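Right after this note come the structures.
Consider the two complexes below, in which chain A is the common component and chain B and chain C are the respective partners.
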Partner chain A sequence: MNAPLPREWDSLRQSRQRRLERAATLGFGKEIPVDRIIDLLEAVIQPGDRVCLEGNNQKQADFLSESLADCSPERINHLSLVQSVLALPSHVDLFERGLANRLDFSFSGPQGARLAKLVQEQRIEIGAIHTYLELFGRYFLDLTPNVALIAAQAADAEGNLYLGPNTEDTPAIVEATAFKGGIVIAQVNERLDKLSRVDVPADWVDFTVKAPRPNYIEPLFTRDPAQITEVQVLMAMMAIKGIYAEYGVKRLNHGIGFDTAAIELLLPTYAADLGLKGKICTHWALNPHPTLIPAIESGFVQSVHSFGSEVGMEAYVAARSDVFFTGADGSMRSNRAFSQTAGLYACDMFIGSTLQMDLAGNSSTATLGRITGFGGAPNMGSDPHGRRHASPAWLKAGREAAGPNAIRGRKLVVQMVETFREHMAPVFVEELDAWQLQKVMGADLPPIMIYGDDVSHIVTEEGIANLLLCRSPEEREQAIRGVAGFTPVGMARDKRAVENLRDRGIVRRPEDLGIDPRQASRDLLAARSVKDLVRWSGGLYAPPSRFRNW
Partner chain B sequence: METLEFRFASHPAGPAADPALCGVVGSGNLEILIRAGDDPAACQLSIKTSARGFGDTWRAVLGDFAAAHAAGGTTVAINDMGATPAVVTLRLAQALAEYQGGAQ
Partner chain C sequence: MNAPLANRKSWFEATARARIGGLLDAGSFVEFLQPAASQPSPHLAQLDLPGAFDDGVVVGCGRLEKMPIFVIAQEGQFIGGSVGEIHGAKIVGTLRRAVEEKPAAVLFLIDSGGVRLHEANAGLIAISEIMRAVLDARAAGVPVVALVGGSCGAFGGMGIVAKLCSGIVISEEGRLALSGPEVIETVMGVEEFDAKDRALVWRVTGGKHRYLMGDCALLVDDDLAAFRSGAAEFLTGWREAGPSLAALRSSQQALENRLAAYATYRDGLDVWAALGVAQPDSVPLLDSDRLVALKKGLPT
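Showing the complex of A and B:
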């Protein structure tokens, strides 16, 4: 018998202890003076560490990110960053200044161009682009952080944290870090004697620092109704009448954008006129979109669970606790991990937009020169094979796809796009830019946001294509061409094949749905301005100044 | 500015009616005026557009309109400020419905 090799079984705990001792030697207690944060970071972070820098599409640990970027690259280097969103200039500074060299993330909207440049210069190694839930999953498997830098609203004297309405990713990050020998450092907006609600208990948090200014929150989900076009109204009418009503979609998620904002604003008008109140859109996995206010006030909506909050919606949400998830203190608690789980397993429909779609229905928001990632869309825009509970919408979709004896249902995954984007850039293309981007990134796979075989419907200004009813790749291709309008892909359609698909209800035009084009007017929107939304909310919605133009 | 002229065969729109005006001249939008024409079997269109070089796209969009709708016996004047085909198609359908005066 070979003797087992001797090894230590608590090296993570010992490493954590040494880091805490280094901090103690420098005189640090739990509360860190703001002007000594760099000393603390240099004491507890080691070269080669995996660091989770809390940054998602709304809340940002911006002060800790800037402080980390100001640390000495001599002391801290070869960091591997894991984070939901690479959104701030300081996130990219970490790579440009030589502190970090590897990144696993989900989304990089505003920094997409700088990120692509770093990849081309081989100054950054991208592990993978994930969907949020997938990245959270890896925090508990093979991407567990050594150090987490997070953002909280408030800390009390013991170090308990209140996260506020923008709870978001924090619980998932802290749990993975604190229970695997990691260090948790929180920037807080304020220190209070007593918190109205404890979101993270003090013994999961090692250090807190009061940031010089409140953490940044992006009002990402606010869409000004004044900018919704009549084409978007027309598409929203088609979606409501041709999909929401026909499948009886009650549980759903909407992506970001004016297309889906138009749907939200047609619920109290067009959908109500169709007699759909109570029959569609009752339960949501959705951020508190201001454009959902009229539907909530009209009694359409029973429940909304949110990934994050939205700037200006705090008082409205607190006053509608039957609808939103709120604590005993009255304030909202969001949770990205749980809302993404709801979006995956408990929603019957995802509807969102994209920048490009190919002839197999694959879609991508990645375009040349920009690495943007995809956030939650790949998760919510996928048909979960682990689902077992039935609902009328799920069963109908499953039977359309696989016949009356289908042994499972299907999630409705709807892509809603105008055939041309700005500057006459066609959405429908023979080949996605994602393929060229794959080569530039040296990635294993092209960055496809939603796979074509998960897509059930495509809505454009030309009509609806129902891909569930297609019985061959050729039919699918013609169904997509058949709603691709006057893009080169659309013009290259086989007109007879498309008319045949139209006869079978696979392609449907506005007139096939009984939609009068004259009704596609902005007058149909329940709110036509941000001010209208404030009025609907009874003055509870307080839009950020950039949306206040009255 | 570019000026384009097209003429397509189309089923008769019905009796001549009062002119109908639809849309606005604004960026990404267009204005359409439909009036009675001379040939009940054809739709005559003239376009003034700020975006040069899209003649083939206009031909396709307008040809589809004339084929899909009964627009014969009309003359259509369009002032375009870079509207997408989606906007053009919607406005044409709205203008024709207005011209024909059907119940909303």
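Showing the complex of A and C:
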């Protein structure tokens, strides 16, 4: 018998204890004075730590991020950041000032260009670009944070946290950190004697600090109906009649954008006229899009679970608790991890947009000179082979793809694009920029957002291509060319092959669907302005000032 | 209230021809100077600018609830509904024909920033001829009703023309003034008027403000059917009064009183408070019925 290896089995707990003792030595209790936050961070964070700075495309722990960036690189360095989004200038400052040198993340958005520059200068090492769910998953396997810096709405005296409508990533981050010997520090907007609801219990939280200003929240999901074009109305009509109605899509997620906003605004009008109320779009994994208000008020929508909230929608959501998930106190509770799970496994359809698509249907929002990442689209825009429960839409799609004896269904993954985006850049291309970006980044894989073999349909102003019915790569290519309009890719179509696909219902034009493009009028939109949305909501929706003209 | 919101056909977003289609009795419209008979602006052609076969205005006759009427509809999407030489001549010709044929009314669908600057003096002369023709039609007993609710509003010379009409039917989205917000900002500076502050622009020139100030006869929803019923309502029982010195003196006095009362205010909100509106902040979100009720209850 070998003797057991001598080792300590609680080194994480001991490390945590030493950090807490250092903080106690400096006189810190649980509530940190705002002007001493840097002292605290330097006391509890160690070189080489894995740190999660909470932030995604909505809520940001911006004060803690700026404070960390102001810490001394002598004291804190070689940090490895594990976080959803690299969105704030202070996130990038951490690398430029030498506090951090490694990054695992999902999405970089506005900082995409600065990030690309740091990569080229080799001042940042990118572990991987993930989807949200992958990154959350890795929090519980090999990327567990040593320190989590999070954002909450309010704390009480004991340190319980109320997260407000923008619960978002916080539960996943705190769960991983607090139960694996980590330190959790929360910035809060206010201190209250009693919280209306406890989202994080006090014994999972080590320190709280009242930030000098409320944490930033980006109103990312507000689309002004005034900017929806008649081409987008036409595409929305085709999607509703040619896909939503035919498959009976009840459970779904919509990507952000004017294309999907147009669909939401056609539900109470065009879709209702087609008799689709109650037959489509009843259950959603979706942020509270203001453009969904008319459909909710018209009785189309039974349930919406949200990744985060949306600025201005708080009172409306609280007043529609049959539809949205709300606490006993009435306020909204969102949860990115659970909503992403719903989007991956429980939705029958994802529909979204992209910047580029190639002849295999692969699509990417990566462009040269910018590293942007993925967010949640690849999870929701993929066909999960782990799914086992059936639904009519899932079965129909599966049988279209594999014939009547299919042993599984298929998720509908729909890409909805105009053939040209702004500045007349063609969406359809022979080769994605992602391939060049891969070389520049030295990455293992090209940053493809949605793989072509997951895509079931493409909707453009020229028509719908049903890729499920294609039986060879050549057919897929011609089906894609057949809806690619006047882009070079579309012009290079084999006209006879495309007509043949049209005869088989693989490519369908508006007239094949019984849609007269001249009927595609903005008058079909249930709301044509943000003000109309406020009226639909009975005055409950309070849009941010940048969306008001009153 | 929500189902009608979904069924509205926006006047603001409609083309001139779509507005006529929704305004008149179905199928009754006959265009004067149909596409083959009209011609584009020679001035724009000289400048190598694209013209329009109707030069941005549609004129003709039709019926409104069976009444014979003439209609003039400016197309705001063609050079801002601006008045050029041919554009103006079509309007003047229609108004003069109204003097001879005496329809029940001329409906003037104004959607214009005023003179077409490219045509300079020809455009200015056209505007003055339109003013005279409006007054001649009214003097002949033919009411001229301005309908204002397009994206260009009624500005510059067309703002004056609107006020020369028998009455104005306006929507919340409609705007009515002399100098446009951008012009004021350019000439007087952003401190005087911030044209990018859309909410301020509407609080100072928009339909609700104009209606509360008594500049417009009727406030209607942004809806083709609402403009149709508004025009019909205005004409019901309306008779053109002949020119009267006493009436002119009284409206001059009203304008002087207005200047004395409100000249120092910078924002519609202040004016509404002075008018006696209890909650000026609530005005922008009121629907038109409630705003009409609010105006009825104001001290006079």
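As a working rule, the second predicted complex is superposed on the first by the 548 of 550 C-alpha atoms of A that agree within 3 Å, B and C clash if a C-alpha of one lies under 4 Å from a C-alpha of the other, contacts with A are read in each partner's own complex, and residues count from 1 in each chain.
Quick note on the criterion: contacts are C-beta pairs under 8 Å (C-beta built on N, C-alpha and C of every residue); 3 or more make two chains touch, one makes a residue touch a chain.
What you see is a predicted model; the values in this text were computed from it and never measured.
Output check: A:269 vs chain B and chain C. Expected answer is one of first, second, both, neither. What do you get?
Touch status of A:269: second partner only.
Counting only touches as set out at the top, which of chain B and chain C does A:297 meet: first, second, both, neither?
The answer is second: A:297 touches chain C but not chain B.
Counting only touches as set out at the top, which of chain B and chain C does A:373 meet: first, second, both, neither?
A:373: touches no partner chain.
Answer with first, second, both or neither: which of chain B and chain C does A:463 touch in the superposed model?
neither
A:519 contacts which: chain B (first), chain C (second), both, neither?
Once the two structures are laid over each other on A, A:519 reaches chain B alone.
Of the two partner chains, chain B (first) and chain C (second), which one does A:164 touch, if any: first, second, both, or neither?
A:164 sits against neither chain B nor chain C.
Applying the touch criterion given at the start, work out whether A:534 contacts chain B, chain C, both or neither, answering first, second, both or neither.
A:534: touches chain C, not chain B.
Do chain B and chain C land on any of the same chain A residues, and which?
Correct list for chain A: none, the interfaces share no residue.
With touch defined as at the start, can you tell me which chain B residues reach chain A in the complex?
Per the touch definition, chain B meets chain A at residues 54, 57, 60-61, 64, 84-87, 89-90, 93-94, 97-98, 104.
In the complex formed with chain A, which residues of chain C make contact?
1-2, 5-10, 13-14, 198-199, 201-203, 284-285, 287
Considering only the defined contacts, which chain A positions touch chain B in the complex?
229-231, 234, 418-420, 424, 460-462, 485-486, 491, 510, 516-520
For the complex, which residues does chain A have touching chain C?
Residues of chain A touching chain C: 268-269, 294, 297-298, 522-523, 526-528, 531-532, 534-536, 539, 548-550.
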